[in-house]
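Okay, so chain A shows up in both of these, paired with chain B first and chain C after.
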Partner chain A sequence: MTNSIDEFEDASVFMVIGSNTTSNHPLISSRIINAVRQRGAKLILCDPRCIDLAPLSSIHIRHKIGSDVALINGFMNIILNKNLEDKTFIEERTENFEKMAEVVEKYTPDYVSGITGVEPELLVKAAELYASTKRSMIVYAMGITQHIAGTDNVKSCANLAMLTGNIGTPSSGVNPLRGQNNVQGACDMGGLPNVYSGYQPAADLFVRNKFEKLWGVDKLPEKKGLTVIEMGHEIEKGNIKALYIMGENPFISDPDAKHMHRALKKLELLIVQDIFPTPTSEFAHVILPAACFAERDGTYTNTERRVQLSHQALPPLKGTLPDWKIICEISKRAGFPMDYNDPSEIMDEINITTPSYAGITYERLEQGWGIPWPCPSKEHPGTKFLHKDKFTRGRGLFHVIEYIPPAELPDAEYPFTLTTGRIRPHFHTGTMTRRTAILDREAPSPFLDINPEDAKSLRVRTGDKIIVESRRGSLKLSVNVTSDVPKGVVFSTFHFKEKNINELTLCAVDPVAGIPEYKNCAVSIRRS
Partner chain B sequence: MAEKLVVCPYCGCGCSFYLVTKNGRATGIIPSNNHPVSRGALCVKGWNSSEIINHPDRLDTPMVRDHGIIRPALWEEALDMAANGLLSIKNKYGGDAIGFFASAKVSNEENYIFAKMARAAFNTNNVDHCARL
Partner chain C sequence: MKRLKKENLAPFLEEMNNKRTVYCPQSVDEKDIILAPLGKGKITDEACKTSISFKSMLFPQKEEINNFSKDGVEKILDTGKTAVFGVRACDFRSMEFVDAFMARNEMKDPFYFAKRNNILVMTLACNCPVSETCFCTDTGKAPFLEKGFDLQFFDAGSFYIVESQSREGDKVLESDYFTGSDSKDGETLSKIKDNSMKAEMQAPGFAKAVEWLKGNEPEPEFWDDLATACIACGGCSFVCPTCTCSNIFDSPSNGGFMRFRTWDTCMYEGFSRETSGHNPRGSLGSRLARRYLHKIKDDPENYGVSGCVGCGRCSDACPVGLGMIEIIKQINRI
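Entry: the complex of A and B
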């Protein structure tokens, strides 16, 4: 997030796009709910589905899945035509405005209405409302990123925020809600193929030389690394022979599960380190039982970049080891000893190697409620919101972005659009929540949401079994008839290993970020 | 009885709570009134997050595959098999024949040394995690 969770308290307008906040970020959604109910803040909800935030919204835009770029370009067209842009901000803080404005010119309300299916008047109302204040916060999640245009969608949000001067100030900004307790930290720590910790580029010789010295190695790899999805393809091709998985369950979470099944079976060596057996660990050659979150000290970085210390409350379960000890043991055996007595010593090293974490020490974290990075020194208080007087790159760059349709549009053979996500009681592949009695009782079995009109033409009722089929696989699921999904769209979740919805999803990815298009694939439905 | 401040294992909000333990088991959860994100509240997943700690399904023995059959092993044997297996693949095909999946569920420190091991010990940038999933 460019801004912090506390700043929700003073926002005047929220534009929530592609985030089912009440299900997936409940404590953040409570800030939005309170702001709307108690202070009269306005909510623009952009979501094809009628999610729980919908009744609170001033404007609910149910645009077609995958039409986000057209929608936001449409907002910017309206803002420019009504002279609602922030001319001073554009002049002083940004560049490339003219080129962006040129492209946006054709995204008139009528043109955008044709792509998104949203009434032109509603587009105008939403654009006017967003631009009406300097306290407009854009809040997004996987609903806009899990598309082949995911990067374009995020850049479009940044364009919109810069156009109206809604960034670099309190209670504004572009705020991604991250879905796992340490997904921000895993990225920050260089758990990505292209960067070392603190987003220091792996392709940069200077960076590699720095880490070669700090880590005492002769030569760090030059070749570009692969993403999770790319690694899956390379395993199938026979180029990757071994996989070491720490605390992940790709057989359920990755798209096109049949492909993943072939890939995992093909591996010469699969090491799985986890706290529970998973469908992925069934393929493993070595299973390493790890201590869980409450059984070790360690820091986690939340969606607002706040680094917090989590304390060991219990000794590791008998027979398990904390992940950091297992990693050190493997590395030592591989001829690269890493000697740390406890996690705080690893943080000492992170302070030295990672400029944005330089001032974040266990000593400081013990005293307060965490520190948001960047925190370049031990005296620095941390950074509440980003891009205050200038952007990281200097001037904010307007990106020129055109709408592209999703990879797999519905057709005569596969006439429905399947979109996937999480539901409130469950989390990701369900390895933890489905082992929690209260949560599993709330949602014990998989289902497929379908619009009443579609249900009528298929002659199915809630509870009936249907076969849902894509070009990659088919599943038998129970139907849940609900107008929460628009006509032509069906929704399901990836929480249930016994009915893995990712057998249907496709591997098409965003060319920049490598994120799969989970939010859109074409399916057919027939009565079982 | 002891209480320790723990970061919730679920979403990215970053709520924390006091985990109550007694005789080596988690017995309850107390929200923190002063925590800047959770402010005395928790969602249904956070409230129930202690149940997984003592769950009977927890993996508690290293396992290795022996002639196609997975069987319990001692830590030494499992660690040797993992490390030697990785090393022999590195020596035969190069480090880029290995993939490393870091985790959005473990700590910063653990992710840092996991990525460090991939790059420094096995000489590959093939390290990623479920950030996109």
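Entry: the complex of A and C
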């Protein structure tokens, strides 16, 4: 997030796009709910589905799945035609504006309406509302990123914010909501194929030299690593023979589960490190049982970049170790001794290697409620919102982005669009929440949301069984008839191992980030 | 009536701890006051609101109730002697409500009463509201108790004035830490009580709403509108000192299995879902209606006691401003 969570309190307009906030980030949603209900802030909701925030929205845009770039280009077209852009901000803080504007010219309300299926008048209203204040916030989540145009979608959000000068000041910015309590921290620490901690590029010789010196090793690889999806392909080709998975359940969470099944079976060595057995660990040759959050010390970096300290509350179960200790033991046996007495010593090393974490020490974290990075020195208070006065790269770059359609559009054979997501009681593949009696009772079984009109033509009612089929696989599911999904769209979740919806999804990925298009694939439905 | 110097509170509780496990409010950091066994933090000697009431001592968030092994079924009754200090009048009244609920239909809940029959409750009256969401006087009750308690402490500055109303209470007052009362203590006590009744606190108009609800009910749209704010976290139920809904589940244990009881909440969709899948409380609005109406409309009718004691915890906990105070205000606006 460029903003901090508290800044939601003072925002005037929220544009929530591709985030089912109440289901997935309920406490952040409560900030939006209170802002709208208690002080009259406005909500522009861009979501094909009627999510819990819908009744609170001033404008609800139910655009076609995967048409986000066209939608946002359309907003920018309207803003430019009505002279609602922030000329000073564009002039002083950005570059490449003209080239972007040139492309956006094509995206007139009528043209965009043709792609998105949204009435031109509604587009105009939404664009005007977003541009009407200097306290407009964009809030997004996986509905923006899980597309083959995921990177384009993110850049489009940035374009829109820069165009109206809605970034770099309090309560205005671009706010991706992170889906796990420490996914921000994992990325910050270089849990990505192309960077070291603090997003220092592995391709940069200077960076590599720095880490070689600090770690006392020769020749760190300059080649970019693989993304999860690429790993699956490389295993199938026989180029990867061993895989070490920590705290992830790709057999359920990755697209095209049959493909993942083949890949996991082909491995000569699979190591799975987790707190519970998972469907993925059933393929494992070695299972390393890890201690859970309450059984270890450590830090978590949340969605607002705040690094927070967490203390051990219970001794680890017999036979388990905190993840960091497991990694150290493996490393020692592999010939590179890592000797840390406790996590604070790891943080000491992070302070040296990672400029944005340089001033975040355990000593300081003990004193308060966490520090948001960047925090370049021990005297620095941390950073509430990003891009004040200057962007990381200097001037903010307007990207020129054209709309591309999703990888697999519905056709005569597979006439429905399947989109997937999460529901409130469960987290991801349910390896934790489905072990909790009340949470599992709340949502005990998989389902497929379907629009009443589609249900009528298929002659099915809520509770009836249907076969939903894609080019990759088929599943038998109960239907839930609801106008929460538009006609032609069906929704399901990836929480249920007994009916893994990812047997249907496809491996098409965003070319930059490698993220799969979970939000869109074509399926057919027939009565069971 | 006796006196206890405040400096003697901790030694007195320590002395009692030899016979019973003593719980009291303790501050563990600058922000939180928790109810915990002695020794967790600094004892709070003034009236305060713990984030969870002492209901959790009698009806814990999670408890083992049955052990199923090859030797048979064991009913697990926790009969350990406990005591709790610093219970406010509102929380004490909530226990009276839970007592009635747990003994309804002449069927006493054995797990609850095993603990209930072995607890000594020492209440501490509030001289003034302890938080911005206190509203006991608005519910028609006082910030102190008139009857039913073992021991009631009143804060008189450097010492407490302590009243006993039971033999158990009298026995406790035999401890050397208590001293005889002054002739003026009766007068001081009246003054404290008068002032506490006059102290300004939240006044959403509880009686007015309760009266109106006797012949009326808000339209479903009223609740549906509130439901657009509710995120169904269930926090209101978990902090409520009179909420008693529970769930039961089994977990493998030593070759057999253990049956657990945990808190549950009627705010969850699955709570009222029937086996067929039909849900008589299918919408969030209807669940909000159920939760709030049963506290202030049905409970008084069924148990003769209000289901709300005015502690204000639901208003403290709710992230979207839908605690009892706000609901009462909204009802009074209809």
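Keep in mind that, in the parts below, the second predicted complex is superposed on the first by the 528 of 528 C-alpha atoms of A that agree within 3 Å, B and C clash if a C-alpha of one lies under 4 Å from a C-alpha of the other, contacts with A are read in each partner's own complex, and residues count from 1 in each chain.
The working rule: contacts are C-beta pairs under 8 Å (C-beta built on N, C-alpha and C of every residue); 3 or more make two chains touch, one makes a residue touch a chain.
The model shown is predicted, which means the values in this text are computed figures rather than measured ones.
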| item | value |
| --- | --- |
| First, second, both or neither for A:Pro26, with chain B first and chain C second | both |
| Of chain B and chain C, the chain that contacts the larger number of chain A residues | B |
| Which superposed partner A:Ile467 touches (first chain B, second chain C, both, neither) | neither |
| First, second, both or neither for A:Val207, with chain B first and chain C second | neither |
| Which of chain B and chain C A:Leu122 touches, first, second, both or neither | neither |
| A:Ala101 touches, of chain B and chain C: first, second, both or neither? | neither |
| Partner chain in contact with A:Ile438 - chain B first, chain C second, else both or neither | both |
| Which superposed partner A:Cys507 touches (first chain B, second chain C, both, neither) | neither |
| Touching partner for A:Leu84 - first (chain B), second (chain C), both, neither | neither |
| Which of chain B and chain C A:Ile271 touches, first, second, both or neither | first |
| Chain C-contacting residues of chain A that also contact chain B | 26-27, 30, 424, 437-438, 442 |
| Of chain C, residues touching chain A in the complex | 228-229, 231-233, 247, 249, 260, 262, 264, 268-270, 277, 319-321 |
| Chain C-facing residues of chain A, complex | 22, 26-27, 29-30, 33-34, 37-38, 52, 55-56, 424, 437-438, 441-444, 462-463 |
| Residue ranges of chain B in contact with chain A within the complex | 2-16, 19, 21, 24-26, 34-38, 41-45, 48-53, 55, 57-65, 70, 75, 78-87, 89-90, 93, 95-117, 119-133 |
